[in-house]
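Chain lettering (A, B and C) follows the sequence in which the chains are written, and residue indices restart at 1 in each chain.
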Amino acid sequence: MSICLHDVSFAYRQDTLVNDVSTEFAAGQVSIIVGPNGAGKTTLLKLISGELKCGAGNISYHGRKLTDMSLLEQALARAVMTQASHIVFDFLVKDILAMGWVRPNQGMMKTQMQAVIEQCHIADYLHRPFNSLSGGEQQRVQFARALLQVCPMAPLTQPAFLLLDEPTSSLDVAHELMLLELVQDAAAQGIGVIIVMHDLNLASRYADNIYLLCKGALIASGSPGEVLEGPRLSGVYGTPLTVEHHGGLNRLMVYAQ
Amino acid sequence: MNNYLAVCVLVLLTARTFAAPEAGSCPTRDLDASRVAVAGGSITEIIYALGAQDKIVAVDRTSNFPQAATRLPSIGYVRAVSAEGLLALNPTLVLGEHDMGPGEVVEQVRKAGLPVVVLPEVHTVQGIYEKVACIAQIMDAQANAVAKLRDAMDGMVHQLQVDKGGERPRVGILLSLADGVPTGGGRDTSAHGVLTMAGANNVFAGFSGWKPISLESMAESDPEFIVMPVRGIEAAGGREAVLAHPSVRLTKAGKNARIIAVDGMTLLGFGPRTLVAARDLAQQFKPQGDPG
Amino acid sequence: MLTAQVSKLWVLLALTVISLFLAFSVGAIPLPVWEILRQQATDLQHTVFFEIRAPRVLLAAGVGAMLGLSGACLQGLFRNPLADPTLIGVSAGAALGAIAMIVLGDLIDLPAGWAAYAVPLAAVAGALLVTSFLYGFAAWFGQFSIVTLLLVGIAVNALSTVGIGAFEYLSDDRQLRNLVFWMMGSFGRAGWDTVIPALLVMSAAGILLIRQGRQLDLLQLGEAEAAHLGINVGRLKRVVILMSAVAVGAGVALSGIIGFVGLIVPHLVRLMIGPLHRYLLAGSLLLGAGLMVLADLLARTVIVPAELPVSLVTSALGAPFFLWLIARMRRR
């Protein structure tokens, strides 16, 4: 029950953006991709979502090649939340949310929507125009929309994936944590979550598995403890970094020296 | 019979779309001219001159002579008449000039059973006589009214012949200076016809129709006189503005301030008044200071 | 289930039907529709109704419906509330195509029966050229801002005017008279022989466009986001561009350029039933038809027995609306 990458490479013109990556992302876990700017994190996420086609190698969801899946099958297998793009027309929040419903079965929509609304705490502004919300509220609605697309439903077929590209980049600390709590809830429901993120400390706190990318190559992957090592990070980021275990919080913290 | 059918089908096919009505010859069949809608200033002018104006129910916007005609109901611009508007006046006949349109509307009106006659347009003295004769016949005008109009026209034509002679001046007729570009009348236009009548050479005879004329070709054609409708001069900002216009300034006409203002419909309508306008032009073309 | 939006669509349908009824009955010649249907009218009334009034009203309804619908679709596709077929130059492109065919068609000597269809086809081709160019241009720059699209529209309109000017120079007097009509807009020339094929083409384009409603909704999230939701974005773009061009081109070929309907109709419908394209498209089709029929009714009754160009009426209504719209967007 996972997404498998086999020797995946992708080049744009002369530049190799993703270089021979083979790895696996498990369902029901939070996987966080980290790495310095230009490491190819977003490109890798776009390859996983199918937005970009692999130059070499292949990607499969639960053993089925992405390239063999129809657009609708892909939409049922994974939802994507990008850095929010501006929406021109005055849609209501509930309209935006309903756009996440891609399944043909309209009858089930109401109950599932209600569940997602409660889970994401967006009931208060359901009937407001989306454009009147704050950045944090908009982000939460977009997350709810992505969640509705892949929320597990009986009869459960296969767990789906949620791909998030820097979901907290425009949020303050409180909203950042709120969103990542929602992510953990989703993973607890069996959804596989893959996040591209800059903040190593947040990654350390929320990730089940961390994937460290540098110059398109996968340097290391595994639990935070396996990946977050001071010398390795210093090399990858090109600046001296220290990793310490914080006793009170019981997790690894990354500091610049 | 088969040939006749074939011709009918062909005519139907070609007339179907986007075609202006072709001006034919003067119709010989009997037409009920008791209530006539007119599309064309010269026709209105002639009907008034023939004293048959009581039969007119409406005119188009180019019918501005005589003054009384402007008080009749208007069917709009001669090239953009309305089918229902025409029919609503309940006329027995529509008389139109060659540029009446659009063609589809003329077809619609005919389909509704209202005869539409489009008069032939020939830009010569002979053409004006034929137009008058045709309208007189259709309107069933009084013989003495026809004779009186014809006499008046004969008189003007005689003066035209007298006024001609000597060297033919080189003249250009400009419709307007819209957007700074003069629009000149070439071959096959009413402008060409009226200049020929007045014994002048059209400097724009090198092309056909009304065309915008570049600065350089204005200088090259170098007219001795420029004739412009009053409204065109007004729109360009008055006589001084026309004289100062770069396309006019470099010509002989511009240097000698020989801009002749005329009423547009009088000059180009090709009714009897055009004969008067041509005569007046011929007199103005004569060398200045010449006593004759 | 009758949602609020669907019941408002029924209201729009009722308004459109009333407009049609008014337009059929009122005019220079009053036509009592019931008497005509019961064959109790005079011959003249009968002829005027079936040969002049009916094709004209139906053409106005069809053109209005297509301008409203394609305006809504293009605004959705470009994600730009000012994407109006006339403002961005699609109508001018269609006019250029039609004019080119009128002038050049005489030179290549088309068989007489073909000419009737060559001009609308050329209009569609012209509209298609402009729409694809605009979309290609927009894609090249990422996405147009609202103002950029208008600026590019000005340039495209200017280019079309240049082309039209060139053909004016090439044309003879008879052709020139026809050309003038493309710039003014009028339904006065409607006849069954051209209206029926146009309405058939418009219906086909209209059905295809209306079916893109949900996909256009998802497109508002962004192109990549729509693709993630299972939309074939490339196909959606092709369908909307092609069918909008067909819808606008078929109308322009018969009635000339008529401005502002494609702009104001979708906005009015959005104010009424919200921005969801699922309802917006059908609403714009209905309101476009109703509004155009009424505009034409005004155009042909205000100065009876003459008539105004219908584009004068739509611009008189649309231009102030356009200013209001810009003021409203500035305030945001």
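Convention: contacts are C-beta pairs under 8 Å (C-beta built on N, C-alpha and C of every residue); 3 or more make two chains touch, one makes a residue touch a chain.
All values derive from a computational prediction rather than experimental measurement.
Of all chains displayed, C has the C-alpha centre closest to the centre of the whole protein C-alpha set. For chain C, the chain whose average C-alpha position is most distant is A.
Per-chain CA centroids place chain A at a distance of 78 Å from chain B. Work out the mean CA point of chain B and of chain C, and you get 37 Å between them. Centre-to-centre spacing of chain A and chain C amounts to 44 Å, using the average Cα coordinate of each chain. For chain B in complex with chain C, the touching residues are 10, 13-14, 16-20, 58, 61, 73-77, 79-89, 99, 101-105, 107-108, 111-113, 188-189, 208-212.
By the touch criterion given at the top, residues 49, 51, 71-72, 74-76, 78-80, 82, 85, 87-92, 95-96, 99-100, 102, 145, 149 of chain A touch chain C in their complex.
Of all residues in chain C, only 27-29, 43-44, 47-48, 51-53, 102, 112-113, 115-116, 119, 169, 172-174, 176-178, 180-181, 184, 186, 188-191, 193-194, 300, 303-307, 309 touch chain B in the complex they form. Interface of chain C with chain A (complex): residues 79-81, 217-218, 220-222, 224-225, 227-232, 270, 274-276.
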